[in-house]
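First up is the structure itself, then whatever we jot down about it.
Letters A, B, C and D mark the chains in the order given here, with residues in each chain numbered from 1 onward.
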Amino acid sequence: MGNTFGRKFKITTFGESHGKAIGVTIDGCPAGLEIDEEFIQSELDRRKPGQSKITTQRKEGDKAEILSGVFEGRSTGTPIAIIIYNKDQKSRDYSHIAEKFRPSHADYTYESKYGIRDYRGGGRSSARETAARVAAGAIAKLMLKEIGIDVQAYVSQVGGLKLDKPYTELDISNAESNMVRCPDDNIANEMIALIDQTRKNQDTIGGVVTGVITGTPVGLGEPVFNRLHADLGKAMLSINAVKGFEYGSGFEGVKMLGSEHNDAFRKVDGVVTTDTNLSGGIQGGISNGQDIYFNVAFKPVATIMKDQDSIDKEGNPTTVSGKGRHDPCVVPRAVPIVEAMAALVIADFYLLNKSSKL
Amino acid sequence: MGNTFGRKFKITTFGESHGKAIGVTIDGCPAGLEIDEEFIQSELDRRKPGQSKITTQRKEGDKAEILSGVFEGRSTGTPIAIIIYNKDQKSRDYSHIAEKFRPSHADYTYESKYGIRDYRGGGRSSARETAARVAAGAIAKLMLKEIGIDVQAYVSQVGGLKLDKPYTELDISNAESNMVRCPDDNIANEMIALIDQTRKNQDTIGGVVTGVITGTPVGLGEPVFNRLHADLGKAMLSINAVKGFEYGSGFEGVKMLGSEHNDAFRKVDGVVTTDTNLSGGIQGGISNGQDIYFNVAFKPVATIMKDQDSIDKEGNPTTVSGKGRHDPCVVPRAVPIVEAMAALVIADFYLLNKSSKL
Amino acid sequence: MGNTFGRKFKITTFGESHGKAIGVTIDGCPAGLEIDEEFIQSELDRRKPGQSKITTQRKEGDKAEILSGVFEGRSTGTPIAIIIYNKDQKSRDYSHIAEKFRPSHADYTYESKYGIRDYRGGGRSSARETAARVAAGAIAKLMLKEIGIDVQAYVSQVGGLKLDKPYTELDISNAESNMVRCPDDNIANEMIALIDQTRKNQDTIGGVVTGVITGTPVGLGEPVFNRLHADLGKAMLSINAVKGFEYGSGFEGVKMLGSEHNDAFRKVDGVVTTDTNLSGGIQGGISNGQDIYFNVAFKPVATIMKDQDSIDKEGNPTTVSGKGRHDPCVVPRAVPIVEAMAALVIADFYLLNKSSKL
Amino acid sequence: MGNTFGRKFKITTFGESHGKAIGVTIDGCPAGLEIDEEFIQSELDRRKPGQSKITTQRKEGDKAEILSGVFEGRSTGTPIAIIIYNKDQKSRDYSHIAEKFRPSHADYTYESKYGIRDYRGGGRSSARETAARVAAGAIAKLMLKEIGIDVQAYVSQVGGLKLDKPYTELDISNAESNMVRCPDDNIANEMIALIDQTRKNQDTIGGVVTGVITGTPVGLGEPVFNRLHADLGKAMLSINAVKGFEYGSGFEGVKMLGSEHNDAFRKVDGVVTTDTNLSGGIQGGISNGQDIYFNVAFKPVATIMKDQDSIDKEGNPTTVSGKGRHDPCVVPRAVPIVEAMAALVIADFYLLNKSSKL
């Protein structure tokens, strides 16, 4: 029931991990946008499995095909449907999970809610679904680029290893230069080693992705409920394995005094700006033109290679162990997903804001 | 544009801080629910100003009046409108903020987005709007009570003072026994002293509210986008001054290994349960029947009594200082608001889930 | 559950016929619109009971009060709540219908659907609810006036008495000059006589309201489902007692050949126009800049003064007879309601269309 | 922007007439429904071109393929995506319409609204899109069948030839036995002759489709705006070429007196029924358990083989003439589309109604 996101730039996704295809329909993309298919594909490639030794070794082609809504290279204002066929589907044996509930997976809750579940590779609950989001997010990014808005993300923490510099002191574009997507090469190397070791231990580990949105005009966000950060938070929390979201000063901000936390306004060269930006670019739920930045917490991947105690569908004790090829840490591949969801939120609010004034 | 929340248990709020009235229309409350008006009022009383020395000393009656949707004490399935007249509106002088932008308030963003703003007391951006949510949440709570679901919240942190026990080791009901709404009396006293001192310093401070939902049946939540925790997070982030949301293991969980973090299933006395609950009662975006728990971070209140640098509408430097009576720390009064929003989310998902199976 | 209408210019109504108040919240009205309260009241006065001998003789003040969303005479972009208190509520005896189902009323269906019903004056199913729509529609009209769009309606049929001229041959503004709101005075007099006679016969009779929208820009409407005429039709069909809707050539158009029905394009003085307008100003679900015109069929009012056979709540045969003061024909008072709903639809599509192109 | 229909049984369609594919995603179909793919295909076959001499002679395979949401023959509660590839796409020459606006088509309005248009075969504005609705409607029908609800439609008028018997005197199932889908064979033959003659005259003609829904439980419909007939009307008006909708007594009902029009209640064998059914099975916007019946008016198809005056994109006078193979009358093929949209509306309200009572 909840497979649509957005109001004016609205996406609907479909597809299971091991079904015929996954895909997305975008309704509300303005007409006249140049659709760069290579860019869409490059975004999918950033998310695809098998990129490096610290991601799952599965090989999924993830070739996006546009079925509608684009004519002579431009959006037509009609729904843009994108399909990604599931190619690498050897008819694997899933009997080891068909009758069991994997710990901290969605097996038990889907089975209970729907009375039936496509157990192959997690079915609809698989993070494979996020490929559709990345494809849609790529189109949102193309639109935002026209307006001068840029959405970036990077890995800022893996397990206990934390990049303690604020984004303002980093060259975020450097994140793509290493396999963990952390812009600081030293920490990146430590993170890679930690993930690699965790993988060898047949275990998994969590991490944090930081997102930064620059170039946002003043006025995006629709209070009181659809505050910009509320929708942004929901977008992030809708990604598999996410356990937390904070923006601006976040959880650390609670320790501060108001006199420390308030961002003083100043007009510089005709432009209103703030001396500090603990607000994270959003005040009263509306963008104030400063950078928007936020953190997204990802739990350790639930599929581990070790044996774990669990129960089967009848409630009998049983043992579950991971098979196949899985990510030891989700954050490197989560970076483009975080960016995609952020781009979708900003694109939506940008279009919504067109009717704020008469 | 964003003044409606929920899909089946759907609320729409209206009203400015110093307008004639604030209020809410609830569309989708099932018919036949006994509406206990005293309970609604008691929830509003938990939120009202002037409760104690650590809240604002303003006196707002906040008397809720039901205008429709209830007949002979029961909901009729038609919209329930509740109005709260703004009684304590002396025609104060707001000229000190009419032409200025208060730091970290919504003055600048509202003015920019809409080209006009009701500057009296913050207008629509005032937290006064949350009284309407509390009234609606009270009705959601009445509905949830019929199903056996209980929603509670308490203050777990003020500034750097943190209650380090998990909720399972606390008697949450004790939270209402002290003015800061922290269930541990010792920490409560420290918190009260800290807030009181902050107030005397003409400053403000942040805090964290922890929410706990018990008795939730398995199956609530609508993936992939409307995951239970995604809507819950959005609900919390839509509350004034909130900077972050986490559930279950949250941001701390990123440091853990999968083998530590996974919640083993077990069937006890015919009921499926988990040995640990780092999932926070939600797996794959759907409730699993375990307790749902979460933290909400509130920044320090932006209105401080000290002078602050800012600009006026023309961009000229100016000085802003708080007047009137304001909260030195928002979390004690935020507790019923967090509960209200949580109750609204759960009520909505409960009704949505009625059509999951044929 | 279905008490909200519109997407960007969105209204939510509440209230029962004999409850404390009825009202509406408008979310999405652009900021900066001058709100002429006298105009809102004048629209309500066009709908109010007791206007003439051919309407119900009830006297309802229907005084609209704006509670929020307007500051210094202009809309602020926040929700505009309007309340109309139910003043003329003598504690009448409704026991004659509390236990009975009136034929062709909503008593039986509400009782069955909700298990409870406010039987006083029909409760929520009463056409009294439409006063809230007229108030909201007045604000939509104010917005449309700024853009140059005009919405008018008139009575074109009462019983078998039909005004057989197309709207293009009429001076629609003359409709307000007589009590039946038909722009042709001769037919108007016949209609008035027919309604008056029907009233004396303790009976009721149906009629048709014709609507005409001029000045609509090209481009309004959101195919494939939200075609302009589809939403317009839904808006009309959501009004009490409506049984049918047609636009442009309508039901008569089915008899025509394509070669007769097609509207040839022509460019005159730099403006694209059509020689004929059987399309009714809408092609492919999108306005083409020509006049939009449509007919709305209203059944005879169900409340008649004669005795009728029916059943009580237990299913026992009983007799029902109308009491009080009711309209013998609904169409004269339906004219402002049709206009209000049409204005709401056009305002909504106007705002939606702002993001069609990049 | 308007490519989604429904709230709980919600469909989103995509695709242009001559793009790669058209399709639909159904979100909200309850889990556990047996999905009969042959039935879906048989419904599409009822809509497909080239069925008979009175439909277009184009041959479109219209093979539906389910991509997701079905596992081991049953719906899983996740989105059901269905794709229909556009096979018969010879790279025809569309230069004759690329620069011209066909009269009473959507060329001009799409071009104006979006600034770009896929002119091949009408693009998104083509009735080809309705194949996706028929596929989705087939699944709605499968769900309704489980509940005992049956949706049927037939042709009741072609041009001036009208079947003057009410549906109650017809064997509707006989409609499928002739190529015009009129249950009365005598009138059917006249209709076929009229359409065939119109085709030979290189012209087109309009018609009426009547729909009948039986077995609906009491309680479907969500007043005040989402009355059952309001959504049903919108659904019908969203179909290409529709100009009008009426239900129950419809436009004829306006001539009646209330004393004639009211449907007396009666309890027969423990079941509440009505002596007459001028209400068309809906009272106060909610189903009352009686048959729901309605008429849908279709204009003559805009594409005719004769030359017509029009303008090109620059506004210069030009001549347009139909090429290829088109329907001389749309109603025979519209029957399954009307049924599909009706089934979608009823399925949606059935699911919505599950939470009306506590």
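Here is the rule we use: a contact is a pair of C-beta atoms (placed from the backbone, for glycine too) under 8 Å apart; a residue touches a chain by one contact, two chains touch by 3 or more.
Remember, it's a predicted structure, so these values are computed and weren't measured experimentally.
Colleague: Taking each chain's centre as the mean of its C-alpha atoms, give the chain farthest from chain D.
Modeller: Looking at centroid distances, B is the chain farthest away.
Colleague: Any idea whether A-B or A-D has more C-beta pairs in contact?
Modeller: It is A-B, judged by the count of C-beta pairs in contact.
Colleague: Whole-Å distance, chain B centre to chain D centre, using C-alpha means?
Modeller: 46
Colleague: So, what's the distance in Å between the C-alpha centres of chain B and chain A?
Modeller: Centres of chain A and chain B (C-alpha means) sit 26 Å apart.
Colleague: Using mean CA coordinates as chain centres, what's the chain A-chain D distance in Å?
Modeller: 39
Colleague: By the touch rule stated above, which residues of chain A touch at least two different other chains?
Modeller: Where chain A meets two or more other chains at a single residue, that happens at 1-4, 8, 13, 28, 31-32, 75, 77, 110, 113-115, 124, 355-357.
Colleague: Work through the pairs of chains, note which ones touch, and then classify the graph as line, ring, star, complete or other.
Modeller: Contact map by chain: complete.
Colleague: If we count contacts the way the header does, which residues on chain B are in touch with chain A in the complex?
Modeller: 1-5, 13, 101, 103-106, 108-110, 112-115, 124-125, 129, 157, 159-160, 198, 201, 203-208, 218-219, 221-227, 229-231, 233-235, 237-238, 243-251, 253-267, 270, 272, 274, 278-280, 283-288, 295, 297-304, 306, 308-311, 315-317, 352-353, 355-357
Colleague: Using the touch rule from the top, collect the residues of chain B that touch chain D in their complex.
Modeller: It is residues 8, 28, 30-33, 75, 77, 143, 146, 351, 354-358 of chain B that touch chain D.
Colleague: How about chain C: which of its residues touch chain B in the complex?
Modeller: 1-4, 8, 10, 12-16, 19-23, 25, 27-28, 31-32, 65-69, 71-72, 74-81, 83, 110, 113-118, 123-124
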